[in-house]
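Structure provided below as structure tokens; questions to follow.
Here the chain labels run A, B, C and D in written order, and each chain numbers its own residues starting at 1.
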Amino acid sequence: MKMKKIGTPFFVCNPKSYLYGAESLALAKAADKFAVEYGVEIFFTAPFADLANIKANTENIIVTAQHMDSLVPGRGMGHVLPESLRNAGAEAVFLNHAEHSLTLTDLVKTIKRAKELGIITIVCADCLDEALAIAKLAPDILLCEPTDLIGTGQTSSFDYIIETTTRIKEIDDSILVMQASGISTGEDVYNTIIHGADGTGATSGIIKAADQVKSLEEMIKAVVRAREELSVK
Amino acid sequence: MKMKKIGTPFFVCNPKSYLYGAESLALAKAADKFAVEYGVEIFFTAPFADLANIKANTENIIVTAQHMDSLVPGRGMGHVLPESLRNAGAEAVFLNHAEHSLTLTDLVKTIKRAKELGIITIVCADCLDEALAIAKLAPDILLCEPTDLIGTGQTSSFDYIIETTTRIKEIDDSILVMQASGISTGEDVYNTIIHGADGTGATSGIIKAADQVKSLEEMIKAVVRAREELSVK
Amino acid sequence: MKMKKIGTPFFVCNPKSYLYGAESLALAKAADKFAVEYGVEIFFTAPFADLANIKANTENIIVTAQHMDSLVPGRGMGHVLPESLRNAGAEAVFLNHAEHSLTLTDLVKTIKRAKELGIITIVCADCLDEALAIAKLAPDILLCEPTDLIGTGQTSSFDYIIETTTRIKEIDDSILVMQASGISTGEDVYNTIIHGADGTGATSGIIKAADQVKSLEEMIKAVVRAREELSVK
Amino acid sequence: MKMKKIGTPFFVCNPKSYLYGAESLALAKAADKFAVEYGVEIFFTAPFADLANIKANTENIIVTAQHMDSLVPGRGMGHVLPESLRNAGAEAVFLNHAEHSLTLTDLVKTIKRAKELGIITIVCADCLDEALAIAKLAPDILLCEPTDLIGTGQTSSFDYIIETTTRIKEIDDSILVMQASGISTGEDVYNTIIHGADGTGATSGIIKAADQVKSLEEMIKAVVRAREELSVK
């Protein structure tokens, strides 16, 4: 199935399981407005049961599931059926997030299923070695979120962004590299993009802000600022 | 939260991952009509992403999720958030199905979360020992689907229905006992109810029928026939 | 197969994965000496690969595995075969420890396998509800280690010991109840036994002591003191 | 730690959980004799609890565990501690076998632990894509056992051996490639080696033979025959 082309630099608004129902929808609508207003590609994640309603009430964001399984329609009680997500309007899916690790065997199968259905895959890696292995599986987006780096200074982080981005693209330069460790301000967003990431995103930086919509807008504006600066170079 | 009172004998239409989208909705609507027409309590399961749409288009069936996790709103990427199911209209959930086994620790936590949210729990057991352990956790419905019994004759099956139902109710007589091994015809439904089960249900017996709606109706009629016969006794 | 009769009050020396090889063996030999010297039943756990050597060098302790799987001899690459443990001299096994949770289905199967092979089962519960469910599975020993209680005061802990012990024995009075949350001194051991536990045990209380053997002996002496006091009553 | 150099072509005698205790030891001793007699590198797997005893009674085989976890000495109840295996004499370990799949995150960590301890890693892949991802993790041996190929004809199998071996070595030519699908005779062993595999192995082909030792010897002789033929070329 034909897959959506991804505009870069992109931004992922990922409320994880913090939001559902009306609150999730409200933030999705704000993201939808910003996507047009700022011309930025925005992925928006939500619980499985919320995806259809968000899709029905938005036009510009890429509705994104936080996981899916590899099963095909048939038996498989309680698993997350890819076709059901696609039918609900999901166009992208996170896989192998640190909070939902997959066996390598399942990861391979699930990426295949996503390709069959035209679902964009955002595959997560815990460390550089894991990222390089995943790069051989040709995900659309590879998210590097090194547990190792948590708590370290900013400078090594920029080196890390540059090194991982470079090494992943050496393996497969069609992969978009997302870097999103500890993004909590527009400045973090700007710095990440300016150092070469194709995209970034945030969870608690938005959710725990006094004003979620304003926090999201600040980050989207920072994407624009980095994009403009990069285009001048 | 206040939980729906369950009418007995009940029937569970459980298409697992065989159906999603339009096909799932069509069968749900038929079930919804039969629930009123025959006055039978019908649970209807669907993939997570389909629950909200089915709820929005039906009035009488109990919209049922096929699994949920124990997390609370917050972190928890890609897991099935109970609040998101409840908000989408799910009023019941299957737990510990043989195709989605839970650790005992998670099962205890998830049953607690369901009680907090007023979600009916249908907890599955693989054998009598497992059923007796689960009975101590006070699920609303306990489904006995013994892997051991597959392929054995009907008579021992009736003995099994009577024994398990009796022994579960000795532990906690407020638990409703569902028996549903290999139900493929109205006759199977009738026999299961008449031997003491509080409810039964089917997957492939309905899904693989030439006419799914007709097959479902035949089973619902069998519930009514058993119910009437039992009320005379 | 005939199972060893368990003397009470018993003590479990559980070095988890802190010790292996020579260090594990040295502590096991000390435990072996104390078992005779003080006439106390001592369970001693070790990594799978150490069990045979510990058995070959001790006479009085109950060599105990920290987990096993439910498979039977045959296929099953990399799983912990019960027969291999029994053959190596293990006479007891921990199951469902919080660091190695089992699905309820596997727990039921693994307890059955242990009974077939005459292996004593020490099954762990995270909370009272889980303990009551496990009690229906007739483990030899039920360990109540409530995550909820961590960090709470001593007094509620004694109430908890009394309540859980009572309620488990109401379900099946042949089950021995082990209580072992945060045991770090002989005094903790004494208090736990005196409040009705059939046994107790420790990990870090022993491992992190300046002198492991001395710490173990202090705890064994406390078992004796509690035992004598209880026998007078 | 320094790792053993692996002689090629090698053979893996992998009785999985079919053998333990005396039976496992008897076959290990036969393998030990053949290793010298035929000058072939033989890996021999056994349950964790049997490894030390096999090591103590053999001199030439590479004693091999069927799995290990990534933990370090410390907490970690019931997991397979790498140090305990190394201390027991294991010099190699299988990882990610289809019967014991690992999350990619754990696979990365466990390969690192093995390298730290000088343990040879034999990492299994279910399909070519999985093999190519694993190749980026620099295992010592990569075992290609495609579930897809089961039941297909021999010819495509030779093509598959050649293609996978070539493509893995393009990524990292220091990786030894093992091919072992459905090896049941000496002829199968010969054909696998002659088509370019660095090693092969068997489970049921040996275990289910009327005479296990004779079956093993036939396979080892076939390794020699292929080796000699390749050396002439």
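For this structure, a couple of remarks:
One rule holds for everything that comes next: a contact is a pair of C-beta atoms (placed from the backbone, for glycine too) under 8 Å apart; a residue touches a chain by one contact, two chains touch by 3 or more.
Note that the structure is a prediction, hence the values are computed from the model and not measured.
Using the contact threshold fixed earlier, the set of chains in contact with both chain C and chain D is empty. For the copy pair chain A and chain C, the superposing rotation over Cα atoms measures out at 180 degrees to the nearest 5.
Although chain A and chain D share one sequence, what matters here is the overlap of their interface residues, and that overlap exceeds half of the numbers used.
Centroid to centroid, with C-alpha atoms defining each point, chain B and chain D lie 46 Å apart. Work out the mean CA point of chain B and of chain C, and you get 38 Å between them.
Multi-chain contact residues of chain D (touching two or more other chains) are listed as 98. Pairwise chain contacts present here: A-B, A-D, B-C, C-D [touch as defined]. Across the complex, chain B is touched by residues 96, 98, 101-108, 112, 126-127, 129-130, 132-137, 171 of chain C. Listing the residues of chain A that touch chain B in their complex gives 14, 16-21, 47-53, 65-67, 71, 73-81, 83-85, 87-88, 90, 94, 97-100, 203.
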